[in-house]
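One structure is given below, encoded as structure tokens.
As written, the chains take the letters A, B, C and D, and residue 1 is the first residue of each chain.
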Amino acid sequence: MMVLKIRDLYLYYQTLRGEVKAVDGVSLDIEPGEALGLVGESGCGKTSMSLGITRLLPKNVETYKGSIELEGVELMTLTNEQYRNDVNWQKISMVFQGAMNSLNPVLKVGPQVAEPLVIHREMKEEQAKVEVLEIFDKVGLPPETYDRYAHELSGGMKQRVVVAMALILNPPFVILDEPTSALDVSIQAQTMNLLKRLKKERDIAMIFITHDIALSSDISDKMAVMYGGHIVEMGSAEQVILSPKHPYTEKLLASTPRLRSYSQPDFIPGAPPDLVNPPTGCNFHPRCHMVMDICRERDPPTCYPEEGQRVECWLYGDKNE
Amino acid sequence: MGFSARDALSEFWTSRTSKMGVALIVILFGISAYVLVSYPLNFGTQYWNKPQHWADYPKGVPPSWTQTFSSVRKPEHMILTTDVSEKRTRGIMTIDFNINFDLRADIFPQFTSFSLSDLTFYDTPPIIHLTLTKPDGSKIEDLLVESVPYPPSGQEPPYVKYVESPLRVYMPGSPAVRNAIAGYLRTEFGSTLTPLEIRNMGLEQFLFGSPDEEGEFTNIVEGTYNLEVQVEIFHEDDTVGSVKFVVGGQVYGFMGTDTLGRDLAVGLLFGFPVALFIGFITSTLTTIVGSVLGITSGYMGGRVDELIQRVCDVLNTLPQLPILIFLVFILGQNIWNIIVVLVFFGWSGLTILIRSMVLQAKQEQFIEASIASGASSRWIMARHIFPQVAPFIFTQMIFFTPGAILAEAALSFLGLGDPTLPTWGQILERGFQTGAIFLGYWWWIIPPGLLIVVTSLCFVFIAQGLEPVVNPRLRRMR
Amino acid sequence: MRLGRSLLIKALSLLMVVVVTLLLMNVILGATGFSDRMLGALVNEQVRVYRQGLLGTIANPDEITRIVAEHEETLRRAYGLDQPWVMRLPQMIWRVMTFDLGEAKSSQTFTGSTLIKDLIAERLPKTVLLITTSVALSAFLGITIGTKIATKPGSRLDRFFSNYSAFSYAIPTWWTGLVFIMVFAVFLRVLPAGGMYSSPPPTESIARFLDLLLHAILPISTLVLALSGAWIYMTRTMVLNTAQQDFVNVARAKGLPENLVMRRYIVRVAAPPILTNVILGLAGSIGGAILTETVFGWPGMGLLYWNAIVTADEGLIIALTFIFTLIYVIARMILEVLYVILDPRVEY
Amino acid sequence: MSDILELHNLRMYYSVRKGFFKTVPVKAVDGVSFNLPRGEILALVGESGCGKTSLGRTTLRLLEPVGGKLIFNGQEITHQKQKDLMWLRKEAQIIFQDPYSSINPFMNIHQIMEEPLIVHKVEDPKVREEMIHRALQEVRLSPVEEVVRKYPHMLSGGQRQRVTFARALLLDPIYIVADEPVSMIDASSRVELLRVLSNLQKIHNLSILYITHDISTAKYVSDNLAVMYVGKMVEKGNVLKVTEEPMHPYTQGLISSVPDPDPNNRHAFREVIPGEPPNAINPPPGCRFHTRCPHVMPICHEKEPKLIEVEPDRFTACFLYHKEIVEEEGPGDKS
């Protein structure tokens, strides 16, 4: 049974310049224990996806519709109160971008991690502390970290605390939004190993959001490439990396420099689309090296060139529909 | 960081309060300009704080527009002057003036007074006779008989008197008038009131009233009164310029008067330019000192920064008013002392704020880029640091203005204001000292305070309007 | 221990401020020749009294003038008038530091003593009572309202209270006092016009307390009107800033109830900056207290200050200025302690 | 051709105030020596806090060294006064990391470009105009007439970086420090910018110190690669050799930590450098990497390995390859 089934999720914001179509009709499925790598560059709507799923909607949200099914339960119909009581952190937890500022600066770190236990499981402070120390040990944090303040910890340690916090209620599904973007290379590698180990041991399904496709391959079983508020390509890690179908994925892979092999890196001309009034038809067409006339006029269809691999591109759709 | 000025201004205009603030400021400047043009600069010493100037004004009376609300009709203040005279000789030579005035009220006027100006005589000094005829025909002969004092010996005729300051008789205070009235009452109504009793009861009821059944002078004789002024002269070339008869009203002008008879409207108007002057001079000086020190200490760092910081700490921990009182009391109560002290205390807060902003601005990489391209610190401070801090400095300058106005008002209220420059605070101080609040003279207490509030408010509204513009994080969520 | 060390440093720097202020005041007194004039007047007064006493006993006038001149000389040397004022500085400062503040010319305590020290001892608690209650009330109001309007920025309530803060900043405290007296005491005759107790103060303790309360309503509400505006505006600004931080989103993602998020993640974090801005604003509010006491005739230090000004009693003014600075420095110290406790990130 | 840059045992310490009176030196650059020939691009790689940025700024004398010698184009500039270094401000330039903060948002592009020219007394506005146009042309920011009037917030991240490139070229420098020039640019347009940079380098025969934390971009831009760890240079050599056969254990750890897009990555755990980088205030004794090094030996605890040329143009500072040790600091250095 699917852990997460999203069908036609829309999320638009109202800003000074007009309506931003951050998530413009996205669908995806995640199996239990499966890691979906959500890859996309700045302004492609990947962070909005995470806010949409956890319903942490900013005040200026305009449209929020579509279907999100978590373990068979439709979440969109829940009221905010129900969402907060039953879903938030118990079913879906999150590691935010830049763990540096995710911890309350004036409270000790331990009690913050214990909070979900105290609130959702009505656990006593001491009993919650025992569980926190247990998970601290799992993520490689010394017990005395419990009584430390955020500003006394290094970048890597803060990262581990935030991961521990996300797993404290042992939720079936975790969203990680660029968890390692602010970390050094060696700490980033340590964190990725930690996440891999936890994914195996606890069989957690997750969405791993990153702009770096190489980093995504380090943990994702399945990958979805986002551009201009759409998932332009989705498939298994092997399919997307070894035989990318969508021109954007192709170029993205080509412009990622390889350390272990020698291939002159390429680049994509132009800049990401303006989400307030995106280009007509396929919104990648201004930068696409395989662009055809039809791409400029009509939205690309969803096609399945291979089993399990989905692409939104006219190269694979039949034109006379 | 990249917001353009146009964005900023459009943001400023959206909030209603900022528009109101700007409108208010325009009005304030308008009034101040009018006052500066029409008032003499030594208004404070020559007029406001000189009691004689206000002698002919009613004392402690509410504004006349209060009439529209109250059923009781109060007499208007009347200043009746004429220079039309007629020389007549029947036995004795006299110069006659005639003044008529209407009285319609339910309460007696507050006082009466007579003045004569520009007298020239060659021989024995003339004698002035006043006769008042009431609308009901009853006449008070020789209400006043005043002889002009002999000129000092050694002066040659023609003797010219009463040109700058007129001969003035305050009727309630003159014994001659009391006796005349006592005589009139005796002959007309056979009343046995002695002059002393008349003084205590107030002349006005007899001048303008008529006795009811029990002989009480309660009802007012309404209608047209006639005052005949006969100046008995002893030389045909004697001349009289003009005469003035004042009927003290129970209401006066737009803002009423205080217990010294001063027209509050005049005083309050003069307060506008003074308040703006104090406000702007203080805030400009404070801002200049604060920003220069703030930018230098923020940008230069090192010992200079350390020194300025320590001084700011000391100044910032001093309570403003007590020190202000102490210094003004010691150094003397003049406006420049007040301003210097306010500036001396004001700049430290601003320096600390600007220093923190400059420290932040200094982190921007284009500062280091300029350093790397060889630009001098002065160049960088002027072209890169200042433009970023300028909007904030401007807002703080506007924010300081009300602070200075309120501080001066507080000082004036404690009696430490500069007497040569009447301000709203001083008017309120006089009001408080004379117990106006207990007498219920609201027109003496409410308007000056309101003006202080309104003047301060318009600056505060503008500063608040500018704040989100200057500090985008504060921008109100749409 | 973190707390001890940083507080010690804070205490030292604030003490240094007091000494510097004292030095500043005395230097100004000396430089403007004020202290010479003041002491000179004091000496002449004592000499006059001394001459009065002599007239009775010694007949021959030359004798009297000689003794009086001699006496005057000793007095001048005692007060240090014979050397330049700079030499008197340390002695002046020491006298004030040990609270030997001399005598007041006109005001005196209930018990009749004109010693400034007793005057202050008698009046200080009344001022502190007025200030602490007003500051506490304003703080409470400020934080509750500030937090509430910060949750719905741009709402009608938010606009109303932003304007209220503007009014509260722009209105002179003492003028509100005048208006309150006129409205409530003179026209409506609902509340007493001033003072601390009604003239025959009720003896029975509860009635006495109620009487005090009745008298305190107007002064305290005047001060609260002036202070609460700043608190509300500051709280709203700080809460709005803090609400945008990441850890607030994390708290909401953790499914914490909104009021817990507001209390523990927003207000608790915004508390130190709010406190700092209030500390800065405190300098102004002390002035408010002085004027409110003057207007309401509240027998505290403020009223004493006003009497001193009206009667041009230099000694009293100097002493009061110093004491007010001392109160203010102590108040700041208390708030600094609170700040260090509230914010673990502070280590000096 | 002489070397543009010669560093002999260069040391640069920040002083940080601890408590009220004490100040503590942070040994950001602690004895670094290397030469940079004309027309060569040297990549400087290391994690945050390793001193690569401080080294870059010290070579431009934006920071004053406390020890060692710094020679620029044959002239020693170690302790010269800033006012005597105006000539250096023309010949050596710097490019920054954050496109949103490296140009003044309150000025239009013309004013931004004009500043260095005014500072260096190019009086005639016509000449300035012409120089600015030529520079903008070179970084392919056209149409120049339009761009010149725009404000920074009207340009994309990539365009802004091109403006900083153009500005750096205005005064015909011979040496440029590029401090993480592309790390804040989207992956897909990063290479475009790097191509512009290397073209400029070829045309003007510039020496570039390319500072980055991302080893893979260094591979495609620079000729040589140097690795920094806690204020010291631990390895230097031809970029392809160092990336394919890293010698120093830290370099090996760095390279293994960086994933390439490969679906099998997810199945295996990566070889990782354990622990956290030590702070530069009191670095560990001996070889600074010994606390995290898999091949640590007893000598590594006491002695500090010297950076030695173990093969032609291959330097490393590790006892696995040689026994040379660093003597104590020479006398006469300003600490």
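The definition used in the following text is that a contact is a pair of C-beta atoms (placed from the backbone, for glycine too) under 8 Å apart; a residue touches a chain by one contact, two chains touch by 3 or more.
As the structure is a prediction and not an experimental result, all values here were calculated from the model.
Chemist: Across the interfaces A-C and A-D, which one involves more C-beta pairs in contact?
Modeler: Ranking A-C and A-D by C-beta contacts puts A-D first.
Chemist: What chain lies farthest away from subunit D once each centre is taken as the mean of the Cα atoms?
Modeler: Centre of mass proxy via C-alpha means gives B as farthest from subunit D.
Chemist: As a quick test, compute the distance in whole Å between the mean CA positions of subunit A and subunit B.
Modeler: About 70 Å separates the centre of subunit A from that of subunit B.
Chemist: Compute the distance, rounded to whole Å, between the mean C-alpha positions of subunit A and subunit C.
Modeler: Those two chain centres are 57 Å apart.
Chemist: Take the average of all CA coordinates in subunit A, do the same for subunit D, and state the distance between these two points in whole angstrom.
Modeler: Computed value for the inter-centroid distance: 33 Å.
Chemist: For subunit B, jot down the residues that touch at least 2 other chains.
Modeler: 477-478
Chemist: Once bound in the complex, which stretches of subunit D touch subunit A?
Modeler: My answer: residues 47-48, 156, 158, 186-192, 195, 213, 215-217, 219-220, 240, 243, 253-263, 265-266, 269-270, 272-274, 276-277.
Chemist: Within their complex, state which residues of subunit D touch subunit B.
Modeler: Touch list, subunit D to subunit B: 60, 62, 85-86, 89-90, 92-94, 96-98, 100-106, 112, 115-116, 119-120, 151-154, 164, 167, 171.
Chemist: Please name which positions on subunit A make contact with subunit D in the complex.
Modeler: Contacts found on subunit A: 35, 41-42, 154, 156-157, 184-190, 192-193, 196-197, 211-221, 236-238, 241-242, 251-253, 255-262, 264-269, 271-272.
Chemist: Can you list the subunit B residues touching subunit D in their complex?
Modeler: 1-4, 364-366, 368-376, 379, 383-384, 387-388
Chemist: Residues of subunit A touching subunit C in their complex?
Modeler: Residues 54, 56, 84-85, 87-90, 93-94, 96, 98, 101-107, 115-116, 119-120, 149, 151, 162, 165.
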